[in-house]
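Here the structure comes first, spelled out in structure tokens, and everything after it is commentary.
Order of writing sets the chain letters: A, B, C and D. Residues in each chain are counted from 1.
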Amino acid sequence: MDDILLVYKERPKLRSPVLIEGLPGVGNVGKLAAEHLVDQLKAVKFIEMYSKHFPPQVLMNDSGTIRLVSNEFFYIMRPEAENDIVVLVGDYQGLTPEGQYELSDRILTIAKELGVGMIFTLGGYGLGKMIDKPRVLGAATDEQLVEEMKAVGVTFSKGEPGSGIVGASGLLLGLGALQGMKAVCLMGETSGYFVDPKSAQALLEVLSRKLGFKIDLTELEDRAQQIDAITSKLKESEPAPEPRKEDLGYIG
Amino acid sequence: MDDILLVYKERPKLRSPVLIEGLPGVGNVGKLAAEHLVDQLKAVKFIEMYSKHFPPQVLMNDSGTIRLVSNEFFYIMRPEAENDIVVLVGDYQGLTPEGQYELSDRILTIAKELGVGMIFTLGGYGLGKMIDKPRVLGAATDEQLVEEMKAVGVTFSKGEPGSGIVGASGLLLGLGALQGMKAVCLMGETSGYFVDPKSAQALLEVLSRKLGFKIDLTELEDRAQQIDAITSKLKESEPAPEPRKEDLGYIG
Amino acid sequence: MDDILLVYKERPKLRSPVLIEGLPGVGNVGKLAAEHLVDQLKAVKFIEMYSKHFPPQVLMNDSGTIRLVSNEFFYIMRPEAENDIVVLVGDYQGLTPEGQYELSDRILTIAKELGVGMIFTLGGYGLGKMIDKPRVLGAATDEQLVEEMKAVGVTFSKGEPGSGIVGASGLLLGLGALQGMKAVCLMGETSGYFVDPKSAQALLEVLSRKLGFKIDLTELEDRAQQIDAITSKLKESEPAPEPRKEDLGYIG
Amino acid sequence: MDDILLVYKERPKLRSPVLIEGLPGVGNVGKLAAEHLVDQLKAVKFIEMYSKHFPPQVLMNDSGTIRLVSNEFFYIMRPEAENDIVVLVGDYQGLTPEGQYELSDRILTIAKELGVGMIFTLGGYGLGKMIDKPRVLGAATDEQLVEEMKAVGVTFSKGEPGSGIVGASGLLLGLGALQGMKAVCLMGETSGYFVDPKSAQALLEVLSRKLGFKIDLTELEDRAQQIDAITSKLKESEPAPEPRKEDLGYIG
């Protein structure tokens, strides 16, 4: 079988689309943000991507049927705005370094076929400590993009993240730059200990400013409050968990 | 050498065959059930499948000769029934995710060449605790099959197994669905601590109802009683083993 | 680069050669025996085999030069006997299951090109306890060979080794049988804790009876006595090492 | 995508170039030395090498832009000397044995295309204890080179390193020898516990003698003094770290 299998459900004509990637990673910040975007902006699934680089696993639907683990592309038509939006979400990232490279390279090929001119990758930046107001850190393929993103509230901090960016959120920039694609990585600060809706919210606020969409964040706020409640109790009852070194890096 | 090597012992003409897969997994439930089926219904081996995705290992026969680890296809002709049966058993599943995908894809190709219209995959569902009357949980490629399987006593429980189904028992459904193959996964509940003949028995009871065969379960019952005897003694003499997280998932 | 690279130093014409394999494994029994054979019978190296499946490593020669890790084929011309002998020794076995299959398959191809009609693979059978008089256990590709090997003192014991034979010593039989090659695996019993010259000696005694050669075993006997001396002291001063489960299997 | 991707920035004409490799390894000795050479001799980058065999990672530039992890070739034109110099530095070595072989083979191909007649690989030789005056140990592809390197102060010590040389610094010699390339590995002694500028200095002193260049070592000396200061304090305050077995080998 092919290493990567694409199933097209539809072949939409998109106007100057941008691609937003949100796959699992630290605090699942990127995945959470991208999935909220799909839900709230009623995005339509049009490509399923299966691969030997994912785990050999199926997931259960509520009806008792199954689906093979995958990454999925959704589109959002926005006649009122400059750019249509493509969102990439999924169950897993590639399991091996080689798989990561193969999948990111394929995502870039798909993006180019769709006419994507700009990529936003979303992730979490694990700090190893609780944080009240997560900043959104950035990384970009060129310096002009750095300035553009600063203008919408993204922080570029020399030497952060110190260990660079691992996974699809990094590779889409790294491989993208080699292929002339413009791309930005947005990293919401997060403890890295919990799924972090507050950090996802911060990412979506930046994106909504940049791309000019409105999005209801109530659901993420509610989940953030629930998690705040849990972690407050944890703080009272037991000492803070010791940050493990491997938790602190950025994977996204 | 080829990644997968097939040795055909015979090329039988089969009537509307169904495929039953039972490879090693949690509690070896699926393997136990499928091997019991092969023994009791006097199934005939007709394909040996060798692969680089299996361990580099030979096993000893009683005569001092060896055989390379493999998966094997058996057939059961049933002129009196609607469907002939093909059974897939084996020493190992693929060692890597990529190997798992390659092998399941090849099994589907073989199934289609044999004219298989329906696949049953067998496995165990590890609960991490002892269980008296194991239920048979199900997962299927479409909702009509869900209903059909409920009718023969299979339980479909929303959110179970929560982590999905890992290995050949899952992939044959996941990849099968993409290729238009109908397939059901039957999972016998099991502690996951022991080889579990009682759970295998439960699987065979469902299959015999569905496919209309009679099978002597005495041997499995005997083995189940032996294991019950052992575990009863263990319970008396020492505290229950602490379930390790990785034991509780489903692999099959 | 190719996965496997062969460098032929010479292309000898061999008369009905047999192949004897002795690569690293449990107690290094097989490697020790095969290297002793090469030394004592003044075997001539004629093929070097390099591979990506070996570690990325060079070893130091005494002169300050290096050599890439490899497997090597030697030949022994025996005009006085029925069969010439090819010996395969080496620094490593393949690191991955796939590498093991690839390398064993290539060794079989080379063997067939050389006209080899019979293969002997050598290894250790780890018992997890000290042993005074190591038996030589056997496994073979067919029952006639089992009888032939019994005749020269090889023990065939039902259910031993219980976990089969892992690595080149097993695969050359398993893959060999599929290709119509006759092959025997000889396993010298060993504790598995130490390099074991006594066990290697036992293998060579069987081989010399079977193939009709004379070989000076003094050096191996000396080394065996040295090791006996060391282990006797260890026994006095500290309790026996606890056998780890993974030490007890057979890899060779 | 290709396993290895080369981006040529320039195609310089080089006069009888030698290649100096310094990739990450024990004490980062080789990398440190090669990077110091690039800085001080104002070497010009002309090839970037990207690969699936490296981690899926981008690193941050100070400007907020990223770069994909890579190996890089620099050149130094030396009209006054016999040989131009090519220097290979990088963020990582290949992650897998297969990756190591693939990358080293490609480096050799590039070297041959550039007309390289001689390769120096740089690494650290981990001793597992602090050392005041690190020697430079050598290994070479032929005995004449051994003599030439002794003449510029390299130590060739029978049986050192006992475990051979692992990684690019070894493979470039091992694969190079098979392809008729002359190559020397220079290993600076180092504790293996710290990045070791003093050992890097020792390597550069040998190279400067051999290749006839002058290089300002002040910066390395300063860093070495800083590290000496730190380790002196550590020695006073706590017992020496227990050498872990895996620290003692040579990877470079």
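The rule is simple: contacts are C-beta pairs under 8 Å (C-beta built on N, C-alpha and C of every residue); 3 or more make two chains touch, one makes a residue touch a chain.
Just so it is clear, the structure is predicted and the values come from calculations on it, not from any experiment.
Common partners of chain B and chain D, by the touch rule above, are A, C.
Note: the chain lying farthest from chain D is B, by mean C-alpha position. Remark: rotation between chain A and chain D after Cα superposition is 90° (nearest 5). At the interface between chain C and chain D, under half of the residue numbers involved are used by both copies, so each side presents largely different positions. For the pair chain A and chain B, the distance between C-alpha centroids works out to 37 Å. Look at where the CA atoms of chain A average out and do the same for chain C: the two points lie 53 Å apart. Working note: touching chain pairs come out as A-B, A-D, B-C, C-D. Interface residues of chain D facing chain A in the complex, by the touch rule stated above, are 1, 5, 7, 50, 52-60, 62-69, 95. Across the complex, chain A meets chain D through its residues 94, 97-98, 100-102, 104-105, 138-143, 146, 156, 158-162, 164-168, 170-171, 173-175, 177-178, 185.
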